[in-house]
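Going in written order, the chains are labelled A, B, C and D, and every chain counts its residues from 1.
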Amino acid sequence: MAELNIDIAGLKLKNPVMTASGTFGYGAEFDDFYDISTLGGFVVKGTTLHPRQGNAYPRMAETPSGMLNAVGLQNGGVKYFADHIYPGLLKYNTHILVNVSGSTVEEYIACAELINELEHISGIELNISCPNVKEGGMAFGTSCPAAVAVVNAVRKVYDKHLMVKLSPNVTDIAEIARAVEASGADSISLINTILAMAIHAESRKPVLSTITGGLSGPAIKPIALRMVWQVYHAVKVPVVGMGGIMNATDAIEFFLAGSSAIQIGTANFIDPLVAKQIISGIDDYLERHKFNSIKDLIGCLQL
Amino acid sequence: MAELNIDIAGLKLKNPVMTASGTFGYGAEFDDFYDISTLGGFVVKGTTLHPRQGNAYPRMAETPSGMLNAVGLQNGGVKYFADHIYPGLLKYNTHILVNVSGSTVEEYIACAELINELEHISGIELNISCPNVKEGGMAFGTSCPAAVAVVNAVRKVYDKHLMVKLSPNVTDIAEIARAVEASGADSISLINTILAMAIHAESRKPVLSTITGGLSGPAIKPIALRMVWQVYHAVKVPVVGMGGIMNATDAIEFFLAGSSAIQIGTANFIDPLVAKQIISGIDDYLERHKFNSIKDLIGCLQL
Amino acid sequence: MKKTVQNLQVISNRRLNKDHALLELKSDVILEGIVPGQFANILVDKTKNVFLRRPFSIYQVDYKCNTIFILVKNIGEGTKCLSNCRPGEILSVIFPLGRGFSMPEKKSKVLLVGGGVGIAPLLLLANILHDDHHLVEILIGARSTDDLVELNEYARFGTVHTTTEDGTHGTKGFVTNHALFGHDLITFDRIFTCGPESMMKAVARLARLNHVACEVSLENTMACGYGVCLCCVTETTKGHRCVCTDGPVFDIKQLKWQN
Amino acid sequence: MKKTVQNLQVISNRRLNKDHALLELKSDVILEGIVPGQFANILVDKTKNVFLRRPFSIYQVDYKCNTIFILVKNIGEGTKCLSNCRPGEILSVIFPLGRGFSMPEKKSKVLLVGGGVGIAPLLLLANILHDDHHLVEILIGARSTDDLVELNEYARFGTVHTTTEDGTHGTKGFVTNHALFGHDLITFDRIFTCGPESMMKAVARLARLNHVACEVSLENTMACGYGVCLCCVTETTKGHRCVCTDGPVFDIKQLKWQN
């Protein structure tokens, strides 16, 4: 066994494999499949101050090596989360982050304040990149001043790990990353889904009720890798990479590009056991290539 | 037979199917396969003022439902094109556009001036979006002032059809499209490849000699469709859509999103006959759905 | 039974007619207590054009041979690929998923109404209801006689009635045109139905009018099949609910089907 | 022969050893004049993980049966998928592609040197050289005796010599350790070689030292295979040239291999 543990700006993960918000429910859905306490951590669903019904059906479209979603942050609101979901999370012995979204800076603040009270939650993943809500969401992640405003504000009220999740729908991801770092992010995760669209030729209608949605899955992996690489070279805080990771080989690519940890998203839908398999696949790779620790891979792309 | 002809701001195509720059050589490579005069048109390789050797090998990486390329505009220069390639193009009875790139506005101008002399060339596709050259290229397509400068300058010296090809690597594609339209573009084509990266996990090296390259193929289709849809609603000039079109169904989706014509790129590599098959597939669709003309589809997505 | 991801071996693949195939898949894990109406989410890996798994009802279970059966109607790339799979091939299957039909507590007279490939979840249901000594009537609707498959199987567990749109088998018309939907409908304690949405809505409407309890099994596009993506929602009286976990079987009282 | 896109039927698929398979593919179009060293670009559609076609040398042609043969070494997803294809399956193949080996004009003594699956283009070459009455010596290098396939086929067209790295067959070592590369090398008029780049470079170096003409068949990653993508370039004395159209066979004088 190589050393898989990694310290992400104080967040001590037993291994660098997390699962991504919106693709892992609240964890309990996996109890039948495996013990998710074996994960480095997981990020629960996008949570907002107020409950949200999400968008109308259809919310999903299959695309070549990927999918679009337009879930639109369906969730019971942060209060419901704290009262009804949080108690069930106490049994998991791993780091749990809450993915937080909002339409206004005030909503982000109020949501973060409540989560600050929840002892067993290790951090917030600040979602400034959701393409599936009309107001706010992605808008915060596509302009530096807006990103700075929301990260600054949440940093003031939130004491624990603050991971900020970037939107890929930008001209210059490095610029946003630097702005977010300067505003107090402990780490940066990327990428969220890419704004995209599917059309049903026979009916001549958009497949999604919202016309556009967010693209995820292997199709976006090369774009995600490029952005992780750019951000890794732009900031000093740890980078958590994701986008189309389906297996351990993909994961290794993200470490080499500069990720200190990774998140598995869409792949969970195709194989609920994938995160567990990726952990052991990473270990195999390290053994086979005679590395002592995952740290030996991070950003170690040979040019 | 439904009516397939379409007028793109004066460019009268016998059908809306063109092939994309960099994926169709100079046309002659297809002579063994089919009579390419049956195409609505084709765009020859990226051409620059001076000859270019292109980037070092490896220039290609396969990715999920797509590929990266980093060819880097290998070409003999516009003078070589005019003297040695152009004569061979005279035999084709279809619209031929030359894709023009440059590192400075002056290079674009000089290149366009020379092409303006070539009678059998129907237009220029101005490439302000190539991610594979160090200087210029994509930089012109990712900022409005730069795009305006180059389009304005070329418009002054070029009399025939000026199609401007946009980069998808931007926060707001509609904004760039409007700027390009205002600067005198006759039509807008999109999307060029998306900046991306591939890593070989076993060797821990980038797959491409240039580290990053341009992603094309079905993987990017949902992103391309979204951008075509956005640009169609932002400008009045005709839009020529491309990005991952593999078959007639994909093509129909692009018409519905607002393309007046389409270009086939990467699909040519997988099936050299694909453009021909897409033309007949579009015809079949129109017949089956009882449309008289391709014009009945353009932008007709039902919301 | 707990939901699991298993590699099942294709034991046989029987072509029933031009577009239906019946797969028998063997498990290495002891199968137990699969509820009729539950489904399996199958990975289709022998084609470029399918990315997500495809959901299929569990058609029948052979606890002795430890196999499950899947009835596949070929309508697109994924179903085509599955209906061409060969004995010996391995399929990755997540099952059993979802909430199935609820079993009547007292001895009941029940009507099962299936349309098209919507008959799939009704065989196991008929089987279990029959074994539990309920009185089972089965009504199967199709476009034409060529589209009717496996009627003999259903007949083992109850009386089978049919309707076809072209009148080539049974009553001509839709299922709701069948005499069973006449004034005797009230003699049924419960209706279970699965098929095209328009059919299920028509059945639900008549059930409601006649105050007969009714459960419907919904179809939907799914990304995960086990409740984590929230893509498969349907509008219920309690807001958006996932078809894959809160369903696919819903009591019509839970749904917002008003007419 | 003009290059064409054809649907070829798999006539047979013979497993030669654990990682080599030999496919026979039948064409409906009359095959003519395929040059040794030319290749075919094959679509692999029964897997999600392959997007582009895969290039393979044309191993042998049976003009009577109108079939071509492809020798496949299983090294990744695409080759694995192809080496599992079954008789009756249809493969989309673009062929013949590229520039093959050049035939000596006068009666010559030639040496064919193949390493690993690099032997593939050399069988048809040996066949034609033999039919043209040239004197053919064939040297095949492999890691171990288990990796040697089809030696009898080659023996039909010339004298076969072998080297293995572990000494389990023929001379122990690399091809360039074989006695053929001793002082008699100058008796050859020409060397044709295909295999791993390091092997070809070693062969080319000795050919150059001994002033023996030498042609090498290069491998390369290709997107199109017929000259339109410019992805497959190699550095030549005239700058970047496409391996798929200017090659895959190059005279070593064209290449920038200096030592």
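By our rule, contacts are C-beta pairs under 8 Å (C-beta built on N, C-alpha and C of every residue); 3 or more make two chains touch, one makes a residue touch a chain.
Note that the structure is predicted; figures quoted are calculated from it, not measured.
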{"item": "Count of contact steps on the shortest path from chain A to chain C", "value": "1"}
{"item": "Farthest chain (mean CA position) relative to chain A", "value": "D"}
{"item": "Separation of mean Cα positions, chain C and chain B [Å, integer]", "value": "47"}
{"item": "Whole-Å gap between the CA centroids of chain C and chain D", "value": "54"}
{"item": "Approximate Å spacing (C-alpha centroids) for the pair chain B, chain D", "value": "36"}
{"item": "Of all residues in chain C, the ones touching two or more other chains", "value": "48, 50-51"}
{"item": "Residues of chain B whose C-beta touches two or more other chains", "value": "61, 63-66, 217"}
{"item": "Category of the chain touch graph - line, ring, star, complete, other", "value": "ring"}
{"item": "Which pairs of chains touch, using the document's own definition", "value": "A-B, A-C, B-D, C-D"}
{"item": "In the complex with chain B, residue positions of chain A that touch it", "value": "61, 63-66, 68, 142-143, 169-171, 194-199, 201, 203-206, 211-212, 215, 217-223, 225-226, 229, 244, 249, 252-253, 256-257, 285, 297, 300-303"}
{"item": "Chain B contact footprint on chain D (complex, rising order)", "value": "2-5, 43, 48-53, 92, 94, 220-235, 239-240, 245"}
{"item": "Chain A residues within the chain C interface of the complex", "value": "22-25, 29-30, 32-33, 45, 53-54, 57-67, 69, 71, 74, 217, 266, 268-273"}
{"item": "Residue numbers on chain D that touch chain C, as the complex places them", "value": "45-48, 50-51"}
